[in-house]
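In this document, chain identifiers A, B, C and D correspond to the written order of the chains, with residue numbering beginning at 1 in each.
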């Protein structure tokens, strides 16, 4: 196996609130290989976005990285000075956000917003590169549209614009945070196809953060399922979709409609994501788990259960 | 904004100006006291002489006649004679206007220059020491009666340290040639650095006194809207793009955060114009505010009417300009 | 950076001032002139400022004695005709020579209806029964009266002479902003609301020869800065920004005296302060109550504390320096027992409840008076309103609802006609006490006509005694006019008339 | 309460406001002297710790020898009364007008917005000075003179919020089930827009106290012997050169109260504005 592009080891991120410490990310370890697409799945509040905010170096007070290591292309990112981090962001690691509607600055032209990334990272010929990038993501008449404001674009075009901005410096890693939630199904597919095709063209790695297992099934090589700040199951996509080993993964799969088996009933997971303050030491899914056992109340470690596959459950 | 829309907006102002005129006229006519009596206060005169004086002042006509006469003349730009100056109201006001405009503009500039950076700093360091210092510090501005604070400044900087002049707008020896009537502008146009320095030295304390309360308000608005903006996705996205902090705060955040600041600044121009009269009295500033208060007390009706109309017009125009600026800053409302 | 630039620039500006200011005098003055037209205002402050540029036919010497100024003297041809001889060689600032035509023109502007571009001069009333001024020859003019009015020379001090040709040339309203007087200083610039800049007028005729050291002015330039706020004006003096300030508040005397570069100058004023008691309404319709009020007030205490002792008690209407002042008026001594006895006698054994009206500037004094009266059984509330409002309330043709009004009346001519008649004659314009005494009315009427000084004085003394007995007012005091001046000023002294006579002022 | 007042500073501010209100309410019990007790022999007596000071008059005496401390305590009544009553009247009127304009739209909106525009065109102080000159002095007239224009501030806020709330689902739902306009305005919209109204009101109380001081400066203050802080500063400014204490102590009282109101209101604002919570 080649050296991973991104390697997160035992990452812990906490937010200090008035009534206690919120452990948003609690011992997450994962790797992303060059050219690979990794899916991160979980409900909101599972820590998936925070994990990658930590990778981007965008954890702001009251949040803090308490422990762990983030290695990217051979460099340690935790504790990296602000200037170096700034050079890294947007050039080597790029990120798109959930909603292009709110992620593009309404007061600036899209031209400004794409050219400034190139300029910030010392790329010459920024204007031409910007037009090239916009054309690549499928924005027609790119040259002419540089002077337009985001509100003059349709939803899908805005999403493409965001991808164009993120990819303008040809990053090694793209973190796509919920790229599809705000879009309707057709455009969703277009955007994902776009990312997939550019990934192939540029040979970059992609982390796809989503709560949609269907999306993961179609586009990701591997997947990590997160729950309450921890990874509960990780492995090759086909393995996990085919035979989930963690009750939470099972629950997730049961809660989405199966296009291949429409007769299967949809069952949402009962209960709520626990409060991340003062968590009990045992399995975090325990209160909602249909298969709970007494020894679930003890700390549950991550265990390897096959080739490249790990599960955090006493049942396995 | 298209020319026809501009015209439409301007036409909308007319009812406001008419309303202001009616209210002022009504107020002044219901106010006890008589300009002729005020003029002859504690001096001898026969009833016949007072009657002549009232006739000369136009006070012997009935109210509706006076109002109609004022209105028909006012639309032609004639606001009548100032009762005590015996010169056209327009001329008397025009002489005092530049000083007031200059002071108000300086106060506005001062408050914006103070409020925006402080508001940004406070928002960025929300809850931190700088935030608290900026918040409490700016509140001092809004918590002090202007006339008292003005006198204190004057005692410290003009009397104790003798750094700045006590009163007036400029020293005789430093006067620039009159081109526009605005001292700062004239100094610049004539390239007179000594005049500019002298005018600024005179302007400093009044502008601070007048601008401080507004600075406090604007700082709070900027802070709040900056907090709101900083939570937006586009700021996170800008950070993810690896932009410098200066560019993120100064361009991405501020361009959005300034919108409420501009709106409030335009609205607060009203209190700025009103605050003039207090500050002008303390600093012997030759502006309009002092004249208007003196005129209210002396029942100099024509001058008060014209001045209030002018204030209303200024207010309306400032807000109009703010709207225009708004469209520049916010492309979504561009029409 | 900005602050530094400003400081440097300010320092540079000061340097310029010093170089140019060897003989420059700066004055901090309360109010901007309303107009520069001597014929079209009724403001004491405006007149004070105009007097630095204009001259009158008659002036006051430092002792407030009448002296001829633009004329060599006046003679009564008969009780209704006064002749004046013009002083030769008087030049206007324009260089024209002042002639009898100018005098005739100046006074007819004031006298004739609609003579000021269709408007009648508000100063007409100050010339009493004068009906016309006619030219006899180039150096002589006559004042024609409809009835004898011996006070005319004193009243002439209030009027200034303008140039006929200049006035006609400058067109309607032209005199309001331009000046062409004959005084020791000519106007260079009037920055409205900010300052007046005057320069020495070299061909000045020298002024009234009866006032010592007639001659040209000592200083080259005068800058009169308008500083309305009292504390700011005093601050300007202390900071060295100005050399003379008018209306120095009595409580700032200590501060100004304590400063080694400044001192206080005072002159006996001409303004009588009093509390008008409503003689037509209970309880002050009873003379015993009015007398009780006069006994109840410790005037000396207020003078000592509020006015820093800078005032004289009055027992009547006239100032001690005025013509016909009766120095033998009995004093209502401070005696609360007597006050209470008088109240009881009048049927108010438990005292009375009254309201004292005052305008803003009199608030402090009114409150002090009210507190002292209250202690003596005249329970007094103070009601403050703006000046126009109080005056409307106390107009002689008004509703007569008030109890007491603290008021004052100026008497720049120091002649009874100018103060006694309007304030105490039945129906007089300033008769805010609504006082009416036939005997007093008759004495005043006679005094107004009497041309023999001694007899005239006797009439007024008699009238003052009657008023003193009737006590239509709560008699108060006559304050000094206070000025703050810098130590570098010499040769200047304040005038009782309120004029800032700058001719003899010098600065080091 | 804890949620409303984060931070020790805000708590201190709230306590200060409370202390001033209590002081005002219990003035006769707390004040060492009758605030109108005049004695010219005590004229401009300095504070106790200075030469010629006297501990029975801890903050010194004013121009008429009245105890400054007692006058500040009684003055709190007047200043707080004016501030609170003006803002209360203005808020009630402004909320009504704003709701009507924002919800009913049409000619109601045009009339109210027109009036608001006209009043905004007047500089506040000139309007108040004019009204005071018209109605005469006194606390009640001052309250009226200030409230005549003050209502415009909450009115604008409420109108804007109502316009936004009008389009929300809960209002549409209420309309769908046939609720009357009045019920919707008072029952549905008002509770949802109350927090900006409260925030604006607290800030405006402070502003009104300052405005009252400015009116006193222009000679249109409360009637003696009543003292408001504003009138004390205004009257005392004349003595600032030789008796700084006369205007400084009431000035500090205004500063402290207004500062506290503002700090507390900012905390209330931060707490009530859900958008500021993550």
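Here are a few things to note about the model shown:
What we mean here is this: contacts are C-beta pairs under 8 Å (C-beta built on N, C-alpha and C of every residue); 3 or more make two chains touch, one makes a residue touch a chain.
Because the structure is predicted, anything quoted here is derived from the model rather than measured.
Touching subunit B and subunit C together: D. With every chain reduced to the mean of its CA atoms, the largest distance from subunit D is reached by A. Nearest to the overall CA centre, using the mean of each chain's CA atoms, is chain B. Remark: among chain pairs B-D and C-D, B-D carries the greater number of C-beta contacts. Centre-to-centre spacing of subunit B and subunit D amounts to 23 Å, using the average Cα coordinate of each chain. In terms of their C-alpha centroids, the spacing between subunit C and subunit D amounts to 42 Å.
Averaged Cα coordinates give subunit A a centre that lies 53 Å from the centre of subunit B.
Per-chain CA centroids place subunit A at a distance of 87 Å from subunit C. Multi-chain contact residues of subunit C, defined as those touching 2 or more other chains: 231, 235, 238, 386, 388-389. In subunit D, the positions touching at least two other chains are 133, 136, 219, 237, 240-241. Residues of subunit B in contact with two or more other chains: 31-33, 151, 155, 281, 297.
Every pair of chains meeting the touch criterion is listed here: A-B, B-C, B-D, C-D. Of all residues in subunit B, those touching subunit C in their complex are 31-34, 37-47, 49-50, 52-53, 56, 84-87, 92, 95-96, 99, 151, 154-155, 158-159, 162-174, 193-194, 196-198, 200-201, 204, 281-287, 290-291, 297-299.
Interface of subunit B with subunit D (complex): residues 15-17, 19-20, 23-24, 27-28, 30-33, 127, 132, 135-136, 139-140, 142-148, 151-152, 155, 213, 220, 224, 227-228, 231, 267, 270-271, 273-278, 281, 292-293, 296-297, 304, 308, 311-313, 315-316.
Within the complex formed with subunit A, the subunit B residues making contact are 232-234, 236-244, 247, 251-252, 255-256, 329-332. By the touch rule above, subunit C contacts subunit D in their complex via residues 230-231, 234-235, 238, 249, 251-252, 254-255, 301-302, 304-306, 359-361, 363-364, 366-368, 370-372, 382-386, 388-389. Across the complex, subunit A meets subunit B through its residues 56, 58, 86-91, 94-99, 102-108, 116-117, 120-121, 149, 151, 162, 165-166.
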